[in-house]
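Below, each structure is written out as structure tokens.
Here come two complexes built around chain A, the first alongside chain B, the second alongside chain C.
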Partner chain A sequence: MRRARADSLWLLAAVAFVLAFVAAPLGCMALEIVWTGGRLDLTPLGTILGDEHDRRQLLTTVALGVTGTLIATLLGLGHAWVTFRTDLFAARALGAAGVVPLVLPPILVAMAFSDLFDTRGFAACAALLGLCYAPFVAVLAARGLRAISGEAYEAALVARGRAAAERWLLRAILPEVAAGALFAFAFVISEHGVPEFLTVKGKSWHTYAEGIFAKWTRRATGVDHAALASPIVAALPLVALLAVALLVALRLRGRATIEGDHRPLPMRRLGRLRHVALALPLGYLGCGVVLPLVVMGRWAGGSTNRATGVSLERMLESFRLAVTEASGDLGHTLLVGVAATGVLLLVAAPLAWNAARRWPWIDHLSIAPVAVPAVLLGIGMVRAYNRDLFYGFYDHGAILVAAYAARFLPFGVLTLSAAVRRVPRELEEAALFAGRGQFARAVRIHLPLFAPALGSAGCLAMVLALRELDVAVVLPAGNGTVVRRLSNIVHFGGEEMGGALALLLVLAATVVPLLAVILTGRKLRSLS
Partner chain B sequence: MRSTHWLPLLSVLLACTLSACGTDDAVVLYVALDEEHSKQLVARFERETGTRVKARFDTEASKTVGLVSAIIEESSRPRCDVFWNNEIAHTVRLGQKGLLAPYVSPAAEGLPSAYRHTEGLYTGFAARARVLIVNTDLLPDPAERPTSMWDLIDPRWRGRCAVARPLTGTTLTHFTALRGVLGDEEFERFLDGLFENDVQFLQSNGATMRAVRDGDVAFAFTDTDDFHVALTKGYPVACVFPDQRADEVGTMLIPNSVALTLGAPHAEAARSLIDFILSEQVEGLLAAGRSAQIPLRSTVPGPAAQEILGVDAFRSMEWDLEGTAASLEDSSRLFQNRFGG
Partner chain C sequence: MTAIGLNGLVLERQGFRLGPISLELASGSRTALVGPSGSGKSTLLRCIAGLDEPSSGEVRFGGECVSGGRRRSVPPDQRGIGFVFQRGALWPHMTAVQHLRFVEPSIDRDRALELLHRVGLGRELAERRPHALSGGEAQRLALARALAPAPSVLLLDEPLASVDAHLRAELALLVRRLAEDGGLTLVVVTHDREEALTMADRIAVLNEGRLVDHGEAAAMLRAPATAATAAFLNRATCLAVEANGNGGVSTPFGDGPRPAGDGPWSLVLLPGDLEPAREAGVMARVLRCEPDAVGYRVHAAFDGHSVEFGSSNSIRPGDEVRLAPRGALRILPREGGRSV
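So, the complex of A and B:
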């Protein structure tokens, strides 16, 4: 009885968190659209897409989303295919590295590419975003390939021949690939940081998220002062698009094959193409990880300064500057990341358990924070908490912790609920009947079973929190985050220190999952 | 996972969350001046006075107007004590809206009265000039270089020059002031000319500087601090203070400004911070730093780069501060329609 009460309290606390930091911000915004001057007013809704400017931005954004997603799919699926299906050299290590580009903040990748190439064009912007979000496809496609039974594939091979077997295999992993692609689509179309950075670098067209942010920024300076709801109203079509994409992704993911005990797919021998095929994973990882890191290293060494050029002394000086001037920001960012991750796991755990065991619709509801562009979620937090009652909370780090935990909650809930579903109820019941106490069951049954999923959800949340820029530019507490500082430094010509700071951030983001793996001695279960 | 033995973890999380929070005794400074330029000065003030400052910086994307919007929205219960703006028109506008409190700082002595409110609602100091940055590889002969804002609409330079969209920051102030100085008709002719001459409209003055630096265009309007960044990094650039002939409008000078907000929660410490910001020492540091601001006091040494002239070495544009601020909203709407988001 005591235990049931504690579980209910935990669930209630999680629901309260969701209500406070997801429902309240979104609700406040929704209310502002239709409630003005103390009465119901639906006229703002009539302005949706009434502006030619908004329509053009929305079309551009959808085109960017589709192109970026195609690129993400080609890269992610290609990477997963050659590393999990073929006898490629170092396939296992390269396959596992498919998720690594996720560690790098997209803005960092954009900075690196804009340093080397002209990235103002539509194609360049789409390619950048596709590259940054390809890990979603790579990870889910790999999961799909792992889940296919080798016996089934061989049966198809024997019955219908190689080409038909490969087509069958592609069809079998399609739900996973499509789910990954739709997740990538959702992130590409709601991304604000990269398009905004490229605009400052000279891009002359604008995305919808940029338009929302611009409306928000200028809300009190005359342009939109009479229509405070304007940025929120303008965002509705984008939110609808995101929600549809994510719901379809979730449905597809639900249809995907669950991993079981079976023989893995037989490796395809590439023969003479074995080394040529390396170009794909090396190109993907080279562009998504190595090139940005090299450019940041060169920046730290002074490459942007024509007067001095690159030197080791300069690089050391940049790191010294980054440590002395931005160590506070780095510490603050890590602290916020750790706190947000912990809060996320605490909130996600009871929601995931209940999604898996009682109410599957929780999975669908949980995607709400990702279905809203991060910029808009940040605006919602401002609208909900920039008031007297929350005076102390509004501009403190705690609101950032809550915002990050809320923003990335879907990843926690989905990862953990998938893990819970894999565990038969009988196992738990057996432990209960065996008379094991509550503590023993938690330590000996639940923790070993769910530790990898908790670890991967935690690592993912931590990595995403460290690279989050869109929420940080809206909330005052985001001032002290490294990624925001980074975007500002580079605008002001401080590439040397910016490069060093970027490398320190990536190091921090890499150390976290590594530590988790080393300390637990287990492989993490990835996004699946 | 259903265990309730989470107390140790909860304690750690609580500690992290509380550590991520700040304390409330700090004076709150909203700074529109570039973070990298102002952060060290804020740290210096903290070291010298022992007063903690909680600084909120603006982003490049929402230059100045983001913080102005925040101050307006928070006016029912202000959070900001001191607003340090990297231009002055929006500060004047906040004063016109009744959101600033008077404070005549003793440290403001020696600063020109043209940029000071008579009752101390705001004070201007350390300025940037709106200059033409020129690519010296493309235009090696100084005699061939543009000398006036009107060169932007000269067919000779068709498609070879750039200006930032006048939607935020100093370009918004510059264009709004020009509208007042030239009159509506002449200003419209200038705007039309920009479009007819295929002038590139970029997002910021940093972007125009980069476009010139990289040779995408021959010249562009930018601020002296952006020019200085390109210069010190060894790029082939030169700077022209435009419109210096007697029949021309002169070069626009846009000072930083500082103001105490009405109902500032930490008014006493805020005044001390304002005194520090307005001191000769800070003006000197801003001149010597990477932003190479032009001191408004002749007693303070100017930037080391000789290309950036001292305040007495060029003819600055005379513009109506209060009138410009009053027409910001109207101009903003006009520019939004003409230049888009």
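So, the complex of A and C:
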């Protein structure tokens, strides 16, 4: 009974968190639409898609999402296919590395490409975002390939031949690929930082997230309630589209579960193409990871405009400057990242356990924070907590911790609930017969059983929190984050120190998952 | 003395209803809960263990109410029971000894090794984790874990279902021996007749959530009270029969005596109840014919029912043979449908 009471309290605390940092901000946004001058006013709802400007932004956003997702799918599926399905040189390491582009903030990748090429226009923006979110497809496609039984593939091979077997295989992993693509789509159309950065370089088109952020930042200079309510209303179809996309992703992913041990798929021999095929994963990782890091390294080394060479002394100086001037930001970012991860796991654990064991609909509800563009969630947080009552909280890093934990909660809930479903209920029930207290059972039985999933969810949350920009630009506490400082470089210069800072941020975001893998003795593959 | 008492126990869940079941199991008795899949055997066992909470009714342990009634349910670890799950439910991160020492912190390594030895696990397996054990070894460890806290009641949910066929008889005997040696009250769920008869002295037959028969296994074998019991224990073929206007029941072999009660009834044909006949009887098609110690054992089918009879001659599969009952027709209630 004590156990049941403690579990209920934990679940109640998690629900309270969701109400406070997901439902309340979104509720405030809803009020923004229908509560004018102290009374209910439903007229803004009638303006859905009525404003030509908003409509154009929405269409551009959807077009960007579709194009970016197509590119992400081509890159991610291609990478997963050649690294998990063929005898490619160093396939295992390259396959695990497929997730690494997720570590780099998209704004950083955009800045690097912008430095090297004339990165302007819709196509470039879509390509960059596709590159940045391809890991979703790569990871889930690889998961799908691991889940397929080698015997089932061979049965198709024997019955219908190689080409038909490969088509069968593609169809078999389609649910996972589609789920990855839909997650990528959700992030691409929510992205505000990269399209806005490209505006600086002379872009003539705008996405929805940019539009609402622009109106939000101009509030103080005359944008009235109606002007702000209009884009929020305009977002409703977008939010609905996102929610449907994510629900479909969830259902598709749920259909493709890994069950039991089976013989893995037979490797396809590439023969003379073995080295040529390396071009795909190397190109993907080169553009998504190596190139941005090289550019940042070059900036740190003093060659910001390529007119001067890289100098080791200037590089050391940049790092010294980054550590002395931005150590506060770096520490703040890491602290917020670690705290957000901890809070996320504490909130996600009871929700995920109950989603897996009692109420599956929790999985579906949990996607709400990702279905809303990050900028909108950030504005909702401001609307909800920029009040006298919450003064200390609103200016404090704690609001950033809560916002990040809320924003990435779906990944924690989905990862953990999938893990709980894989662990037979009997393993937990067997512990009930031991005359041990709840704490002993939690530490000795539950924690080891779910530690790998907790590690994965924690790593993902940490990485996403370290690179999150869209929430940080709205909340005052976000001023002290490294990503915010990096995006300011676009406007105010300081590339040398920015390059060093970016490298330090990527190092921190890489070290955390690697440490988790090393300390838990898990295989490198588990990173993905 | 009653070790476990069930009083009007009912559990309703997702369209399934178990009970009402009233049953008393004496201290030191060994009972097998048997019946077809979905009959509620495992659910009943879980109610006894405290893993599922009954909707109504009571579960009593040694006279004390542990579920139902006014007081709150007693947690599983305070009921003095050991539980063996169907697939072992071993913790993948713990060694064999760690399993035992987690459930019973007071036992030292030597006692843990001794307990492992009692279930047939050697010292060399003591530090192995479940993935390094065979199916039989894993189930022995599950048994040792259940016995570690020295329970007075041992509950087993299809403990041999995931074990290789050649090990089942050996493990069933081990379970029985351990229960006898420890004076344990044993309740085992199984759908296997041989396992039930090896491990238990008493049988409780469940069908569609109801307890349809319960008693001494030997007596039930000799004279099954219901068609469901005969089908499970005696491998009988049961044919639904209807009352006729003559005060009896109509069967494919002619009219039979109508038992007391309202029915429904079944004609129960035990192996050997039928024999080849020249005139009366039903025509059956031979499915297969195997030699046995005294002649041939013939498996045949009529009207979709499979029957078995002895023959002094070999009969070719596909041949038709006329069959008639050897003695009086056995008409039994289909399942009783009563709480025992």
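As a working rule, the second predicted complex is superposed on the first by the 500 of 528 C-alpha atoms of A that agree within 3 Å, B and C clash if a C-alpha of one lies under 4 Å from a C-alpha of the other, contacts with A are read in each partner's own complex, and residues count from 1 in each chain.
The rule is short, and it goes like this: a residue touches a chain if its C-beta (ideal position, glycine included) is under 8 Å from a C-beta of that chain, and two chains touch if they have at least 3 such contacts.
The structure displayed is predicted, hence computed values, not measured ones.
Colleague: Following the overlay on chain A, give me a clash-or-fit verdict for chain B and chain C.
Modeller: Here the two partners, once superposed via chain A, fit next to each other without clashing.
Colleague: Which partner does A:Tyr391 reach: the first (chain B), the second (chain C), both, or neither?
Modeller: The answer is first: A:Tyr391 touches chain B but not chain C.
Colleague: Applying the document's definition of touch, where does A:Glu429 land relative to chain B and chain C: first, second, both, or neither?
Modeller: second
Colleague: Quick one: is A:Val343 in contact with chain B, with chain C, with both, or with neither? Answer first, second, both or neither.
Modeller: A:Val343: touches chain B, not chain C.
Colleague: Give the label of whichever partner, chain B or chain C, reaches more residues of chain A.
Modeller: Counting residues of chain A touched by each partner, the higher count goes to B.
Colleague: Looking at the overlay, does A:Gly27 come into contact with chain B only (first), chain C only (second), both, or neither?
Modeller: Neither partner.
Colleague: Between chain B and chain C, whom does A:Gly297 touch in the aligned arrangement: first, second, both, or neither?
Modeller: neither
Colleague: Given the superposition on chain A, what is the angle at the CA centre of chain A with arms to the CA centres of chain B and chain C, as a multiple of 10 degrees?
Modeller: 160
Colleague: Across all Cα pairs of chain B and chain C, what is the smallest distance in the superposition, given in whole Å?
Modeller: 14
Colleague: With the touch criterion stated at the top, can you tell me which chain A residues are shared between the chain B interface and the chain C interface?
Modeller: 3
Colleague: What residues on chain A touch chain B, complex-wise?
Modeller: Touch residues, chain A against chain B: 3, 6-7, 10, 53, 57, 196, 199-204, 206, 210-211, 213-215, 217-223, 225, 304-308, 325, 332, 335-336, 338-339, 342-343, 346, 349, 353, 386, 388, 391-392, 394-398, 400-401, 416, 420, 438-439, 441-443, 446-447, 450, 454, 473, 476, 479, 484-485, 487-489, 491-494, 497.
Colleague: Given the complex with chain A, which residues does chain C contribute to the contact?
Modeller: Its residues touching chain A are 49-51, 72-73, 75-78, 81-83, 85-87, 89-94, 102-105, 145-146, 149.
Colleague: Give every residue of chain A touching chain C within the complex, in rising order.
Modeller: Answer in residue numbers: 1, 3, 424, 426-427, 429-436, 444-445, 448-449.
Colleague: Provide the residue numbers of chain B that touch chain A in the complex, in ascending order.
Modeller: 1-6, 9-10, 12-13, 16-22, 24, 34-37, 39-40, 54-57, 59-62, 65-66, 68-70, 72-74, 76-77, 79, 90, 167-168, 200-204, 206-207, 210-211, 216, 226, 229-230, 232-235, 290, 328-330, 332-333, 336, 340-341
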